[in-house]
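Shared between the two complexes below is chain A, which has chain B as its partner in the first and chain C in the second.
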Partner chain A sequence: MSPIAFQTRLARTEVGKGLRLMWRRRSLVVAAAIVYGLTYLGISLFIGGGHLVEDLMVRTLPPMLAVLVASTAAVEGTAGIAEEINGGTLEQTRLSPASPQLQALGRMTALAIEGLAVAIVVGIVFVFGVGLHINPQPAALIPVVLTVLDALGYGLIMTALVVRVASIGAISHVGTMAIMAFGGTLVPITFFPHGMEVFARFIPTSLGVEAINSTLAGHGLGATWADGTLPWLLVHTAVVLTAGFSLYAINMRHAQREGGLRPR
Partner chain B sequence: MNTAIALRNEIGKGMRFAWSERLQILIEMPMFAVFVILLGPLLGQGENLASGRVDWSLNSQTTSAMVVWFTPFIFFYMQVVKMFWRLLGEIQAGTLEQVFLSPLPPWLVAAAGRVAAAFLETLFVAAVTYGLVSAFVSIHLYWTPAALLPAFASIIAAVGLSLIIAGATLVYKRIQIVNDGVLMMVMIFSASALPLIHVPGWWADASHAFPLTDGVGSLYNVMIAHRSVTQARGIGGLVPLLTVSTAYLLVGIGTFSVGARVAKNRGTLGRY
Partner chain C sequence: MAIVERTHVPAIEAIGLEKTYGRGAKAPAAVKPTTLTVPWGQVLGVLGPNGAGKTTIIKMIGGLITPSAGTIRVGGFDVARQRAQAVRQIGAVLEGSRNVYWPLSAWENLMYFGQLKGLRAAEIKPRAQRLLTELGLWERRHETVGSFSRGMQQKVAVSAALITDPPIILLDEPTIGLDVEAARTFKDWIKHLARDEDKTILLTTHQLEGAQELSDRVAVIKEGEIIADLPTAELLARHAENRFEIRIMGSPNGTVLPPGARIEPDGDQTRVLLPPDTDDRAVFVVLGRLGAAGSQLVSVAKARPSLEEVFIRLIHNGPAADRAPAKEVVA
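== the complex of A and B ==
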């Protein structure tokens, strides 16, 4: 078997493992979809003063769906690693010929599928349930893919931190709330005061959501490229993903050296 | 005597855990202030936002109400989220079985180990939130010992909710997303206790079933509206406040005991 085919097989095995684990807790995935849907409904009613403002929801629904993918990646990623450390099985994963990065890729791909599945269901419910006028544009697929990768990079950074400090899992809740606050779920980030808008652009998924909203509004990818959103999104995604994979590999190596792969 | 020693040990253990998580608490600290500052100008502004108008100024009255809303929620967060993660860690490490060697009832071991630490953490985070928010807008609160009653009732309700989630954790293990969602809904529904937005009737009715609503309502009555804490009915009234808090505690104890029994029967207390 060629090295590439071998690595692909290893990655596929990791993804399969992640999906089987997801299937085992499918009732919780359904519960999460319901809870996230109600959360978004609550936020929309807050901002709308007790009623739903459809024109605003058209722009805040994509960020909420991005929060959902990011939250699934971070919360499930950190919980999965903490579970393996506490259960003592993370050590066994190092017996695999797959590198830590490849294993992380497999884990994150499975979490992306889980997050996207929930996001699609929640999105469909709101689009048809509330009657939101969102015109799907094929061009929006590019920022959507980049936003998902950005969210996964963030999830991977949080997961990597847990390898080093197991108790930090609860921080993923803070991260999710920060993405919710500054990523456009409350209000599109272009409405923020200038300083806050600049800060918000560094928050995972916010640039992606801006590009998605712009494309869905019919401005086309050219406009998001020209105003700098798309190039910065590319840079942000690349940096976050690189940081995530590097941090994960470094922390796994450190844990292996210091005996941190087993319960502390 | 033995009970007092065991209880003191659990509280001491909770404090040591809290100290070991001080970095985490520092990171969490500004989150609530940011939410108050950010959400304040946006509440009820949907139509204006849709037409591109937004006024980022903070109103003192609204912000004061939001501080009263968020402070008990900080306690809920500290109690529920951290108890869940700690319990999950013990389940995964297989040390939870040892809890059953204590002379205390298991639910008390789980709750007592967290509640004192959560209280101190909340004092710290709430003080920072108050300081940060008051740097932007003046907060007008009427400080009175009567506020201790809704504060205490909210603590009881939070302990109850944390025990319900802990009981479910003993059976279903990794329920962190549900945990997150439940907290979010507790926060959202408790808003109906404050005159910040006009909520639909179904929302106001449903909010009574959530553990924080009447606590927030009572705190608002006492600390902002200058009403008596003994007012019996309505949101924040003494009757719903005490009924809901006690009910949550009892249901929490029951759920935890059932969850522990199920886990014992399945043999999953010492094996993940």
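== the complex of A and C ==
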């Protein structure tokens, strides 16, 4: 078997385990989806002064769905690793020929599937329940994929910090709230004052959401490329993913040096 | 899976192994420079008090803790440089750890850990079936491990460690938290692995009776340093004393004993250890005195220390107490 096929199989094993573990706690996944859905409904009613403003929701629903993916990656990622450290299974998984990065890839892929599944269900509920008119555009697929990768990169950074930072659970929740506040879930970031708008563009998923909204509004990918959103999104995604994988590898090495993989 | 040929390469070879947590001159050494070789098919019992460095050594061998210095070869593969090949030689049950995923079933765990080492599902299934059947878990293979008793969970952990049929098994306090029956089953299983399947086993435990029964060789660690490393029988023989042990009910009631005799209460009984090289005639004299004092005799025997006694002696006094010029090692 070729090394690539072998590594792919190892990564697939991790994905399979992640999905099985998700299935075992499916009631929590459903509960989280309901809570996020109700939170978004509340935010929308608050912003609309007691009414659901369809034009606004068409632009704030994609960032809400991005929050779901990012939140799943970060919160479930950190909780999952912490649980594995405490349970001792992380050490057992390291008795494998798979590299830490490969295992992280499998882990994040499972979380992406979980996050997307929740986002799709919540999205369908709002599109059909509220009657939002969103025109699916094939061009939106690229920013959607990049946004998911951006969210996973953020989640991976948080996950990588678990072995070094004891309070990472709280930090990842704060991070998710920041994405919700500055990523366009309340109002599109173009409504922010200039300085805050610039800051918001550094927040994971916000550039992706802008590109998604732009393509869903009928502007092609060329327009999002021309206004700089797509190139910056590519850069942001690459940086966040690279940082996530590097940090994960570095922190795993550090944990092996300091005995940090053992149950605490 | 690539398992090495058992040639001249030892199963485990640690040279100049050292581990210090933290930095600076004051950083405590968890493991002082240690050299350890385990031949194929041997059961090595690594004994020591809590914090002596047993777990650190096991985890360094498994590549889970990076040594500060030294090299480790597992099946001839350098753990630092050939990690992928080295870890394939190893199955491990680690201390203070669930080892397997409790939300998953026993079957799912075995499939996962087998595939994680690179095996195909078709290769894993018959072995998983055999392991679960032998350990009495086959009927409950689809139940989540979290719903099992502690003993059954530990059996799943052992099965997961053995799923790839590794030639080397690291067992870090595997019977901790198990009840007497489960611990006995576990000990029998370790014996089976060593005798019938010819596995190389590195075992740490605080149950010294079990260690004496299972280990071909014993290494005693104190404060990160191996202070004794001998075949079990030889270690016991070295510490055997040419002295008599008299057991009586109650206490010796002020009986005059020869200088150098030791009195050790042991439950309702008292153990009177006569000085080394006491001749038979002197033994009869002491017995006569004890009889005159009204002591009820239980037994008279040549003293044979258990591994526990040797261990306690080594830990408290070190090899120096036996006037050993240096630490005891396998010649």
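Rule of thumb we're sticking to: the second predicted complex is superposed on the first by the 262 of 264 C-alpha atoms of A that agree within 3 Å, B and C clash if a C-alpha of one lies under 4 Å from a C-alpha of the other, contacts with A are read in each partner's own complex, and residues count from 1 in each chain.
Criterion: contacts are C-beta pairs under 8 Å (C-beta built on N, C-alpha and C of every residue); 3 or more make two chains touch, one makes a residue touch a chain.
None of the values given here were measured: they were computed from a predicted structure.
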item	value
Combined model on chain A where chain B meets chain C, clash or fit	fit
Contacts of A:Q101 with chain B and chain C, given as first, second, both or neither	neither
Touching partner for A:S246 - first (chain B), second (chain C), both, neither	neither
Contacts of A:R257 with chain B and chain C, given as first, second, both or neither	second
Which superposed partner A:T109 touches (first chain B, second chain C, both, neither)	neither
Broader residue contact with chain A after superposition on the shared chain, chain B or chain C	B
Touching partner for A:G87 - first (chain B), second (chain C), both, neither	both
Partner chain(s) touched by A:R25 [first = chain B, second = chain C, both, neither]	both
First (chain B), second (chain C), both or neither touched by A:Q137	neither
Least C-alpha distance (whole Å) that remains between chain C and chain B when both complexes are overlaid	7
Residues of chain A that lie at the interface with chain B and also at the interface with chain C	25, 87, 263
Touch list for chain A against partner chain C, complex	6, 9-10, 13-14, 16-17, 20-21, 24-25, 87-89, 91-98, 253, 256-259, 261-263
Contact set on chain C toward chain A in their complex	21-22, 55-56, 59, 62-66, 83-85, 87-88, 90-92, 94, 96-104, 108, 112-113, 115-118, 144, 160
Residue ranges of chain A touching chain B (in the complex, touch as defined)	25, 28, 31-32, 34-36, 38-39, 42-53, 55-56, 71-72, 75-76, 79, 82-83, 86-87, 165-171, 173-174, 176-178, 181-182, 186-187, 191, 193, 263
Sites on chain B touched by chain A in the complex	20-21, 23-24, 27-28, 31, 34-35, 38-39, 42-47, 49-52, 54, 56, 77, 81-82, 85, 88-89, 92-93, 172, 174-178, 180-182, 184-185, 188-189, 191, 197-200, 203, 272
